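Next up: some structures, all given as structure tokens.
Okay, so subunit A shows up in both of these, paired with subunit B first and subunit C after.
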Partner chain A sequence: MNAPVPGLKPTTYIGQDTPRANARRLLAGRGQYVDDMHLPRELHAAFVRSPHAHARITRLDLSKARQARGVFWCGTGHDVAAVVSPWVATLTHFKGLKSAPQYAVALDRATWQGEAVAVVVAQTRAQAEDAVQLVEVEYETLPAVTDMETALDATTPVIHPDLGDNLAFTRSLDTGGVGDVFAGAHLVVEDTFRFGRHTGVCLEPRAITADYDASEHQLTVYLANQAPHMMRDIFAKHLDMPESNVRVIARDIGGSFGIKVHVYPDEMAIVGIAKLLKRPIRYSADRLESMSTDIHAREHRVKARMAVDKDGRILAFDMEDLTGIGPYSVYPRTSAVEGNQVVNLTGGPYDFRHYIASLKVVFQNKTPTCQYRAVGHPIAVAVTEGLVDLAAQKLGMDPAQFRRLNLIPDDKYPYTSASGLKFEQLSHHACLDKLLKLMDYPKLRAEQAALRAKGIHRGIGLAALIEVTNPSALFYGVGGARISAQDGCTLRLEPTGWVTAITGVTEQGQGTEGMIAQVVASAVGIPVEHVRVITGDTDVTPYGGGTWASRAAGIGGEAALQASKELKSNILALAGAILKRDAAGLDLRQSQIVERATGEVLQPLSETARIGQYRPDTLPREFQPQLSVTRQYGQRDWPFVFTNGIQASYVEVDPDTGFTRLLKHWMVEDCGTIINPMLVDEQLRGGIAQGIGAAMLEEILYDADGNLKNATLADYLVPMAAEMPDMVFGHVETPTKSSELGAKGAGEAGTAGAPAAVMNAINDALAPFNARVTDQPFTPERLLKALGKV
Partner chain B sequence: MDHLITVNLKVNGTDVTKSVEPRTHLVDFLRNELSLTGSHAGCEHGVCGACTVLVDGEIVRGCLTLACQLEGAHVQTVEGLTESGAIADLQTAFHQRNSLQCGYCTPGMLVCASALMDEHPQASREEIREYLSGNYCRCTGYEAIVDAIESTMKNRAAGKALAGEDA
Partner chain C sequence: MKAPPFAYRRAENLTAACALLDAHGGNARILAGGQSLIPTLNLRLSQPELLIDISQIADLRGIRVGANEVVIGALTRHVDIERSADLARLCPTLVEAARHIAHPAIRNRGTIGGSIALADPAAEWPAAALAFNMTFTAASSKGERTLSATGFFKGLYETALEPGEVLKSIHVPLPAAGGKAAFGELTRRSGDYAIAGAFVNANLSGGRLSGVRIAFFGVATQPVLAVGAMQALEGTGGDAAALSAARARLEADLDPIADLYNSRATKLHLSGVLLGRLVAKLFA
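Moving on to the complex of A and B:
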């Protein structure tokens, strides 16, 4: 008979809704965003930006601006180019990708409306902005290439004549035999899907303060950015400085979503000017600059068809994607990734063998596009799920049943998709079952039918998805990008018994620091309040990639786990030396050294740590306590560790006005080990809200001359509180075996699937009218057009 | 812009006298002149609400209000509301419910919510959403914010009821 153990038991924070410590200062208004911080002798920069989409600069006169009050310096593109070398954003694994040299400030020609053509530096921001008005620029306007559909026509001007044409990148994929499969198929469904241009609309605009100290040849850059080490490498390279003389500090960041992971020409200019003037230079974009110079994303037109057999089994996909990326591929991740992902991910959740795809990525005179949250996923998911629902409708099958028939079986892993993606272990069917239960699908269908009889038009839309997370070096490193595929965590045992964790993954509000604290506290054996986490400083943290592609928990969390295990082992060795016991018989629980077998408390950790730091003289001569450890982790088993999930949307459409009301949204997701369920759900929720923005509201509009027509938050609509539905979540946990922690990412699945779910729900509501929409966003006007009412 | 206007006002209970350019917006005045960086400039159009502060108890947009208009006014920012403890329960609820991610909208959201709770202490979820519809949050999807405000209102109402019983 076993008596209850009287001592301490191991505890864990993994799976707990632990509130994140760093939220407290943000709630008190004590955040430290870049623009909140000031340096002695700092100067403010403001940019002169091209009002034309494409124009040659024929005269640029800075003389009046130089005379303006408070102005310290004015420069042209040539002045900045003297200190910042240009870049060309290509990577070798995107074969054939081409782009032109891009300068921090345009030299002689502006290629999109908003491109910087000159810069003014003054004592205050207002003075710099006043002086911008005094810069005289004359332009010869050039024909603007705006329509991606005609960008490759022989009659369309070539934006970069040296490149020969406006084709940045093209890719084809063909598994073979696809034509025959389509020819022999029982049913072929096809449609064309259009996706509006978006931008991330971070509430904190991009901001930078660069400080160059000539005495030490040291550049310190305070930057709102997700990848500080990547930026350090780039600043060093383009300013021709040793990388070790560059420090990048990213403190609090007011939203990012992939927007703040790229190289922005104006930020390069600021860094260069700081070096040139040997003074701190600060710059913060205003909203107009954010809308016209933050990267855009998702301007795609996809023609796709899907072949199905008589039982409703998917046989093949055929997809053609055209996307416009602006005048340059964006440095250093390139603008080929989004289209490439669409090719990779289309059809992703389904079990089929035949696939043919082609991708064309073209240049235009619009703001450059690059990776924004869920890169490529929302497009691939909308195309796939749109065709899936269409096929189910044509066959008279329930859309949930059609998915059950076609989703990759949960026992068929590892699985290689038709596009070549490798899946370790997904759980589509478990997620589908859970979703249908969560939303009470049969009851909802009954309610829909009953209301339809009363003239109330509701629709239910499903969208299954996969998400790229925990990327290996195959994402960027293999193509020559100096973007780290691994991350590290240093742990330091303080003399008090608390632990300082210093990690290369970064925090933009998703809860990275809280997640790291939970992993460390659990694995070391201390209260989570005793872990202090430091991120975002290249002089301090281990070298690493940062936070993007949903990698912070999966990569950074695993590094923290391995460091914690090592630190704990070292602590127990120290305790063993102090207590003259075998360390193997000891454990650390709730900050107490205990006997492993009984949990009996032997010594508080604070005492162990005190002796380790201050009284090593009392320890055996040959024993040196190791109270700081670093472990690094890169995921090497798979190109990416995919997650899966499925969403459902319930909407009501008013066929007279075209307005859609979002009634409810559900999602079941499998991101492996869940470290903090509350933080995961909030990632899903925020991601879904951004996806709903795409489906319902967001579209950057240009006129035919390349003028950006809705560059304010009064004109570019984003989801607000009153329009958002309540959301319900469920989870399936399939830990990845590629790490001990088993965590996969969860940052992008919400955004990936929401537009497709909403689209399918709207089309389900419109079905009685024989109407259908596939062009996002689904505005009242587009619905009324589909209904033949306007 | 040589002409400066002297303005006397109270900020978070403290008397302030400053000379400002007529064009200086309240949010820039708070941030640059008084180092009260909790209020943020998000859209500079009065749309996003990140600059929301209280002027004489009413919520206003710091980006649409000129500092020189505020002679004799009392401005309260997130820093003042934090130090006085007036919204400590709301801040705790936001923390527990993770009703913020990047935190950039949060000060404006808190100021707006505190006004709602004063004006309409029994607001429904729909009314909370409607009241917040001038405050943009890109991170959360709003539901956690609504949850925290709703729970704080309920707790305040329960606290008042309890205080009433005691009296």
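Moving on to the complex of A and C:
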């Protein structure tokens, strides 16, 4: 007897650890990075870079270089300026932000060590580098502005005399009455926090191949970049070409972390030279160039204080942030954003009403800084959480209890913070509860106390955080930046029943393609293996912003969901026409057209698609199947959709050596709907590793003359696997109502909170010695100094 | 980051290598594992005309146990030392130190001879050579000669090797009965160059130390024998007073210099902490 065939039930990949298709390809070495692409007739470029932080070029002689073997072309800043117009990186919503015109290659003056002053094009990169050594440049060195603390002093030279001073941007925020609150407070804690300048170290360096076809006046740029449409607009504008004649292709990207979302002068030069020479030109930054020309970030000094009442309730914050950004604001997102975020985010997780803040953003003769993963967050979180732990310590309160008292209650949303941020719905208390359980907080405290009695000094540090994700047009668009605030997804039903998804958000190695495939497969009703995802080609994908500010899943995922729903509806209409049934009674499950009520299989999707493509003659005259759809989505309900989370770090400090061992790290995070738990956890894990880099290792060192002292990976210390603690994750899911998918970003919360958690853990371990550190990274020497040992 | 142009010759034997060195004077460099030389070329810090590749000379490779010494061929890779059963039995401190040399990929290529001939002040083997009183055999077209590790390291990347000489083998005296040794280094990441590192080698008999040799690396422009500290510990039981006296001599012994992240004072402090821990290990 045959068993009855069970009907198919709806299935979903949302919330599943679905392996991503591109992981196998990348592991097999079949990635298509820019450096893997080769074009006929291509030439290689290498740059002559200033050895001085600030110098006038008094003589530049290319004649010997031009004679060198394999050399095709050499040029100065003036030669490149003939084809690439300069830019000034300001946006109107940062009132008063100023910067100077920046050229692709310096004209007559270099303003940081590493700025390009000439370029050589040759048959091979080695020949180009040989010829670089033959370029004769004489410099008149100029005083370098390196210390941000004195950048605004009257005696300090002004880097751009036309601007009048070295102040790029300033901002003040005052909710009023803050002075009185501090004056009447039971306790005021204050401290100064310093943050080492660092950079995002990508496995794949910046890379570009530009190909100009004069016959069609067409420029094609293969670029390791997060925002291909933004770059297309910029290339068109500064090469004076119609945007439609520019194509930007960004296939596989080997990590970006915000590094690859900016305009780099050397990349602009390559595009210009390709147009000038009418030949493909390629260039990859080598590691030395990456360290001195990729954007830097995070050089801040924050003086801050916090007022608390006798019960331990936070009353007010007062902070003053000083940050140095190099000689130019970086195009087109500007270098005002990081400091602005620090002002916005300080105190962010806590319920208080009084806040006063001031920000100064100054120019220096160092590598330009701009947005790097978790822009501003690690600074704001460290300042806030550092003061929170200090207050708890002074009051003799447990730091977890202090947070429970002060975190914005989970039932108090929507909520507007003292700095004016609008929160839809956060879950600080649910996350705190889950974290304390996950780490068995009381047991850990008991262990810490027991070991301390034996002379083993361990510390526990907590750090609550909020993260900016799913930005609206308020991030850049309102200021005049031509950076798309929306994204689109096109779906195409193939005759086989497979679906091709073409999305504007980009893959940086983090799993965007896998995430899109999961959303599409779930919402259309097909196996995830039947979805093929295409990203990163401005000739092909819908116009969109790309991947930054933790927006790919929240914005790109929602566009994919809406497109999927539309495609499914079209497929069911087609099936209804074929089967002569009402489409409303049909569903698509596991690539089968089924009866919605029973799940009874009526027709394989492959058959529906075949008829739709090849035999529309069999369909009613008035029915036209629509088998490709596009949907766009821009988040418009909130300026940003905030996420929240909390981290904990457990460390052991050796008071004799000042060495810190990271024993364990926990994080509970709420990024709304989780599409792929494994990918979310890996985002958090990688983010925490980068945050640990900031806390423990990474700092770009300059001498007083602006010479970069640690431009190799032997000297600039990035976090490595052996030093990473085990990390444990937990999640709370509060979907955003601003989209149907409900997903928020998860890309930056790890980086945002890890430095603060580690700092608090170290200071907890140092507490018996009456010692405290607040300058990142927390090197052995800084601990030894705090301990009075050196 | 491409190396400037250079010529390349693979030497089939030591005689050929020496002949090439003679023919090209100071413009040739010996290529062994290449783990220091190649980055130097790629950074264009050095522009030799010729690289003489000795990596295929089989008799320069291997570990041989003799009556009074272990002979390590100059081309013996760090990983070969790390995995040597003979060394694990006879000189376990060297095996322990090998694990701290950079990362596996580098240990799979880098050689002990290259490390000693380069004399990087932050490297482990030059200091080990001092602490264990090793001797070296150097070969040239004029023949072979024996050099003592003591006096071999003359300054930053400077050694007693003459132009035209190739380091052939490293001779490690077998420890006497009662021989004790300890190794340690302080690094912020595993595999990094040490902020301070040291080998301590001594005989322990009746609770007293004799023949104490202490060599530091990563603290000065060359590996350093801490002569004052050695004297302070000689004949003692490594007690607190002796250690304190030894630590007091370190500043003069080491004359430490700051690195990118650590001041002279920090280097000195950490050297002292390390010394205390290593001496304690001798008695463990």
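Structure notes:
Following the convention adopted for this analysis, the second predicted complex is superposed on the first by the 785 of 790 C-alpha atoms of A that agree within 3 Å, B and C clash if a C-alpha of one lies under 4 Å from a C-alpha of the other, contacts with A are read in each partner's own complex, and residues count from 1 in each chain.
Note that in this section contacts are C-beta pairs under 8 Å (C-beta built on N, C-alpha and C of every residue); 3 or more make two chains touch, one makes a residue touch a chain.
Quick caveat: nothing in here was measured; it's all calculated off a predicted structure.
Counting residues of subunit A touched by each partner, subunit B versus subunit C, the larger count belongs to B.
Contacts of A:Arg287 after superposition on the shared chain: both subunit B and subunit C are touched.
Of the two partner chains placed around the shared chain by superposition, subunit B and subunit C are both touched by A:Ala714.
In the overlay built on the shared chain, the residue A:Ala722 is in contact with subunit B and with subunit C.
Of the two partner chains placed around the shared chain by superposition, neither subunit B nor subunit C is touched by A:Asp398.
When both complexes are overlaid on chain A, the residue A:Leu784 reaches subunit C alone and has no touch with subunit B.
Looking at the shared chain after the overlay, A:Glu243 reaches neither subunit B nor subunit C. In the superposition on chain A, A:Asp130 makes contact with both subunit B and subunit C. When both complexes are overlaid on chain A, the residue A:Thr657 reaches subunit C alone and has no touch with subunit B.
By the document's definition of touching, of the two partners only subunit C reaches A:Leu697; subunit B does not.
Note: residues 126, 130, 286-287, 712, 714, 719-720, 722 of subunit A belong to the subunit B contact set and to the subunit C contact set alike, using the contact criterion stated above. The touching residues of subunit B, when paired with subunit A in their complex, are 1, 21, 23, 31, 36-40, 42-45, 47-48, 50, 77-79, 82, 91, 94-98, 100-107, 110, 126, 128-130, 132-146. Residues 1-5, 43-44, 186, 188-193, 195, 260-263, 265-266, 269-270, 273 of subunit C touch subunit A in their complex. Within the complex formed with subunit C, the subunit A residues making contact are 125-126, 129-130, 133, 286-288, 656-659, 696-697, 701, 709-710, 712, 714-715, 717, 719-720, 722-723, 779-781, 784, 789-790. On the subunit A side of its complex with subunit B, the touching residues are 19-20, 23-24, 26-31, 33, 35-36, 69, 126, 130, 200-205, 252-257, 286-287, 508-511, 678-679, 682, 685-686, 688-690, 712-714, 718-722, 724, 726-727.
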